[in-house]
Each structure stands twice: as structure tokens, then as C-alpha cells.
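The same subunit A turns up in both complexes below, where it pairs with subunit B and then with subunit C.
Entry: the complex of A and B
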């Protein structure tokens, strides 16, 4: 048995304890402490999963900035939660159902660190390396091209070889893994959609925090 | 079971294993104190101690997987832990930040 697996199991058990306690505890100061502990343990877990960048972010944002922000919220509000909430059974059931569906969905995923995962071996660039659509002089439609590529389909080993070492001007087949390819060779797409996500979050924050003076339906966005 | 067989079974050497078990157990004890702790200071101390323990867990993980470079990450965690503790202590003393 791998020692990191044992470490993972124990760390995740502690994470679950901290998470449930953070929700259940009535003293909000203690709740903030437990949320910070949750983030610290999660950062350890990300490190064991070799996701060191995620672990950095978790430690800096989760345990660092979030704790300070929640402290700032505690300054503005009281320190204890007065109303004791009852359990909303339909909501709990819906959450359990969605969780079970997500776990069911992970059964189809390849194993962690599997070298034969579809993301590594799927021959998506093989056709592009054969004939680039932009250079195609025959004026055939894209579907015709795809069909031709499928007709000229070689063995999977050949396709993989081309995928791994394609040589053309457009970085097609730069690296075999598609995710790495998007992150490294198609950096612009990654940045574009990251920017879209941050823009959406900023718009949501502006709408939420613009104050409630007058009729919120009247007037401009700001 | 002799030493070599034990090492092969656990995938790491005995001192590292013992250190890991002790670390995780102490994290559990601190978590209990953070949940049950009657005063604010118990909880702050528990949080700070868990931060220190997570630094040690990351360092231990580096030696377990033969990558001592993880010590750098552990140092960053130590700095972040210090920052959060300062903010919490400031709030606990003055009831305001800044």
C-alpha cells in the first residue's frame, strides 16, 4: 500500500470532520477558524495529489485571504448565530442525489495517472497534420475533409505517432495531451475563457454590491 | 516481519511512517480542540498549530516521495499561516481589522 494513499485517506477524513464542524458550530468565530483549518488540510491534500499550484492557491486564498475577509465580516455582524436552522429534508435529498450522480459519473473516468487515458491518446490532430483546412485548395466542405480523413484512417499506433510529433506551422500535435496542448500551445484560448470567467464574476459582484437605493429595476447598471 | 519487509509493505521507511502517524494524530487532537475549545484562544492556538503541522506534513511528503524541493512549499505555508494568525489575533484583541 502506498503511503501517500494512507495519508490521503486520513487527510480527507479530517477535512470532512472540519467541514461538517464548520457548518454545525454555532459560534461564528469558531466557524471561521474551522473553515481556515479546512483550507489548510485541503492544501496538504492537493500537495499529495501533485497539484502544487492548486495547493498554493488554496493556502493563499482559502487559509489566508478568506480568513481575513470572514474576520472583516464578523466585525460587521454579531459573533453567534441565533437562529437554529432545522434540516430541510428535500434539499438534503436533492444534494445527496446530485452527489451520488457525480460519483456515478466518475466511474467512467480513467484511473488517476493512467497513461492510456483518452486525453493522452485521442488522435484529434492526426487529420490536421495531414491536410490543413485553411490550405485546402479543393474547396471541399469541412465534413468532406473529415470523412476523407476517416477513410484514410491509419492504425491507432500511427495516429498516435503523428499526434505526438506533428510538425507544421500551427502547433497542431505539439503535445499529445489535449489539456496540456490547450494550456501550452493554445495559450490564447485558455486566457480568453479565464478572462470571460473573471469578467462574469466581476459583473455579478457589481450587480450585487451596487446598493439598494430606489427602484433597482430603474436606472443603469451602475 | 523483519525491517526490510516492513519497509516494502508500507512503501517508506519506519521513521517517516512513525512521524506521519504522529503528525496526523496531533492534527486530529488539534481539530478536536478547535471544535470543542471553550475560549477563543483555544481555537486560535489550534488553528496556528494545525498550520504548523501542515507545514510539517508537506515537508514529510517531500521526503516520502524523494522530492525535498517540497521544503520551499512548506516555507510558503509557514509565511501564510503567520499572516492569517496576525489578522485573527488583531480581531480578537480589538474587535476590528486595520
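Entry: the complex of A and C
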């Protein structure tokens, strides 16, 4: 077994343990902390999968802000969970069904590390993914590789000058971080309305909650 | 928690690093992992951590409510404004080439940077709003002084 797979197995085992412990533990503060550990382990796992943007978001949102917000919520709820151990079978069934559907959905995705995955063979990005290869089996020096990559990227840019932007710019028309490139340029509308959704959530929270407890209008615009 | 010296010291020493790291994430969104969303979340986490330890009123003294309310809208306006600017210059909505017509490909990172700042500002404002609304009224001493003492009783 390769070290990478062993690391993945250990990390995923710890993720499962942290997840079950977060549900089972009765002290809510401990539960929040275990959920935070769960997110941190998932962030480690995403990093080993080379999905650094996902890992970053998991660490910032899962282990960072949601832990802090849940701790804020703990002030409202108290520290100990009221135990109700009855199993809700329809809920369990629904969870299993959705989980099975998600697993079924992943069957269509390319295998991890597949060199022929669409992300690696797409013409515009092919020039950049060549830079991601960490170990060169041919044993060429770093400078050779850089020169080869530059040549490859240049020809790519020339070949796609009509589809991408011009080839005279520094990034060949696309920024190095493909994730940002996809999110902010290729799917800019999507991200604009995601931002609008976040904004709407905040406004909804103000309309629904502000003034229900305590001082209604002081200190806010609305 | 504000009487606990360990908490005070830990928070005071961590917040500057969190803010610097958030700015780094924001500024390098198009080069490395991260971007506006993560940056906004980290900045909000830094201020909320401050609020958890030193109290909500102290946090709202640093970042007032009207300010975070406003930021939620300002971010979306920056994002949409980048698109409207492109339209005003005769390009398509959100075509960042409008920022630098002589070098359209080089304009894209600039457009992304502006847009990411919009996302970051909105996320920061909304996260602060979430914390403000969740913890509102939980500790009467944390709230702003009120004219009416009945205001601090919730559930009535």
C-alpha cells in the first residue's frame, strides 16, 4: 500500500471517529469542538487530494467561522444536550437514500489522478496543468521544464488566440489559479448571484431576528 | 470570558495574524488558493473572536452594526458595478476586458481582483450580521445602553 493511500485511510478513519463522536457526545461544547476537528481533518484530506481551494474553504468556514458561530449559539442553549435516543426510521431512510444517490452520482466522475480527466485535457488549461507535475520522470532540470512549459503555454496561447484572449498578456488570458478563473470569470454570473444570496440571507436575518429580543432599532441602519 | 488572562492574551495575539492572513488570501485570490469568500470569513472570524471574549458591545464599538449592515450591500454593488461599468464602456456585462481595452487578457486578473473584493466585503458584513443577530440580547450587559429597561428582556 502506498504511503498516500495509508495517509488517506488514517485521515478518513479519524474523520469518521470525529463525526460519530460529535453526534454522540452529550456536552455541546465538546460537540462543537469535535465538529471543528472534523472540518480540520477534512481540510487535511482535501489537501492530500490536491484540492487546496476546497481545503481552504473547509478550514476557513468549517473549522473557523461555523465553530465560532456555534460557540456564540451555545450561550443561548446551555451546555448539555437533552438526551433523546429514539431512532427516527424515516429520517434514517431518507439519509441513507440521499447518501446512496450521492455515491451513485460520483460513479460518473473520472478516477482520482486520471491524466485523461476533462480538467487536464481541456485545451485552454492544458498549458497550465503541465506546471503542476511535481516530479519529472525524465530527470530534466527545473530550467528545462520551465522552458518547455513556456514553449507549450506559448503555442497553446497562439493556438487559442481566437478563443481565449490575446497571447501578449502575462497570464495568457487566464489566471494561474484555475478555480478562481472558473468561479470568477467563466461563471461570473453564478458567483454574482451567490454573493446576492449571501446578502439576502443577511438581510433576511435582520428582518426576522432584529428586534425580537432586546433593543430593536438601535445601532442598525434598518 | 474577558476576565480570563489566557483568553485575552491569546485573542489579542491571534487577531493581527488572522487579519494579515485574510488580506493575503484576498490579494492572492487569482494566484493561489482562496479568494474573497475565505478572506471575508477569516476577517469576520477575527472580529467575532474578539466579540466572544470581550463582549458583543465592545465588538460593536469597534465594528458598529450600521457599518456591517452597509458592507453586505456594498460588496454586491462592487461586484455588480464591475459588470455595469463594462456595459457602460460598450462591453458585455462582467467582461473585464473593459478595464484595460489595450490588453484584454491582462485586464482579467484586475477584474477578478475587484470582484473578489466585492465578495469578501459582502461575506464579512453578512457573517458579522449573523453573529450580531444570533447573540442579540443574550447578555444584557453586552447590549448598548437602552432608554427602556424592558428592551433587554427577551421572550416577553
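Note that in this section the second predicted complex is superposed on the first by the 115 of 222 C-alpha atoms of A that agree within 3 Å, B and C clash if a C-alpha of one lies under 4 Å from a C-alpha of the other, contacts with A are read in each partner's own complex, and residues count from 1 in each chain.
Simple rule for what comes next: contacts are C-beta pairs under 8 Å (C-beta built on N, C-alpha and C of every residue); 3 or more make two chains touch, one makes a residue touch a chain.
These numbers come from a predicted model, not from an experiment.
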{"item": "Which of subunit B and subunit C A:55 touches, first, second, both or neither", "value": "both"}
{"item": "Residues of subunit A touched, compared between subunit B and subunit C (which is higher)", "value": "C"}
{"item": "Which superposed partner A:35 touches (first subunit B, second subunit C, both, neither)", "value": "neither"}
{"item": "Which of subunit B and subunit C A:74 touches, first, second, both or neither", "value": "first"}
{"item": "Which of subunit B and subunit C A:64 touches, first, second, both or neither", "value": "both"}
{"item": "Which of subunit B and subunit C A:201 touches, first, second, both or neither", "value": "second"}
{"item": "Partner chain in contact with A:17 - subunit B first, subunit C second, else both or neither", "value": "first"}
{"item": "Set of subunit A residues, in rising order, touched by both subunit B and subunit C", "value": "52, 55-56, 60, 64, 68, 71-72, 75"}
{"item": "Subunit B - residues contacting subunit A, complex", "value": "9-12, 16-17, 20, 24, 27-28, 31, 34-35, 37, 40, 43-44, 46-47, 50-51, 54, 57-58, 61, 64-65, 70, 73, 76-77, 80-81, 83-84, 87-88, 91-92, 95-97"}
{"item": "Subunit A to subunit C touching residues, read off their complex", "value": "52-53, 55-57, 60-61, 64-65, 68-69, 71-73, 75-76, 164-177, 179-181, 183-185, 188-189, 191-192, 195-196, 198-199, 201-203, 205-206, 209-210, 212-216, 218-222"}
{"item": "Interfacial residue positions of subunit C with respect to subunit A in the complex", "value": "25, 29-35, 37-38, 41-42, 44-45, 48-49, 52, 60, 64-66, 69-70, 72-73, 75-76, 79-80, 83, 94, 96-97, 103-106, 108-109, 111-112, 115-116, 118-119, 122-123, 125-127, 129-131, 133-140, 143-144, 146, 151-155"}
{"item": "Of all residues in subunit A, those that touch subunit B in their complex", "value": "1-4, 6-7, 10-11, 14, 17-18, 21, 25, 29-30, 32-34, 36-37, 40-41, 43-44, 47-48, 52, 55-56, 59-60, 63-64, 67-68, 71-72, 74-75"}
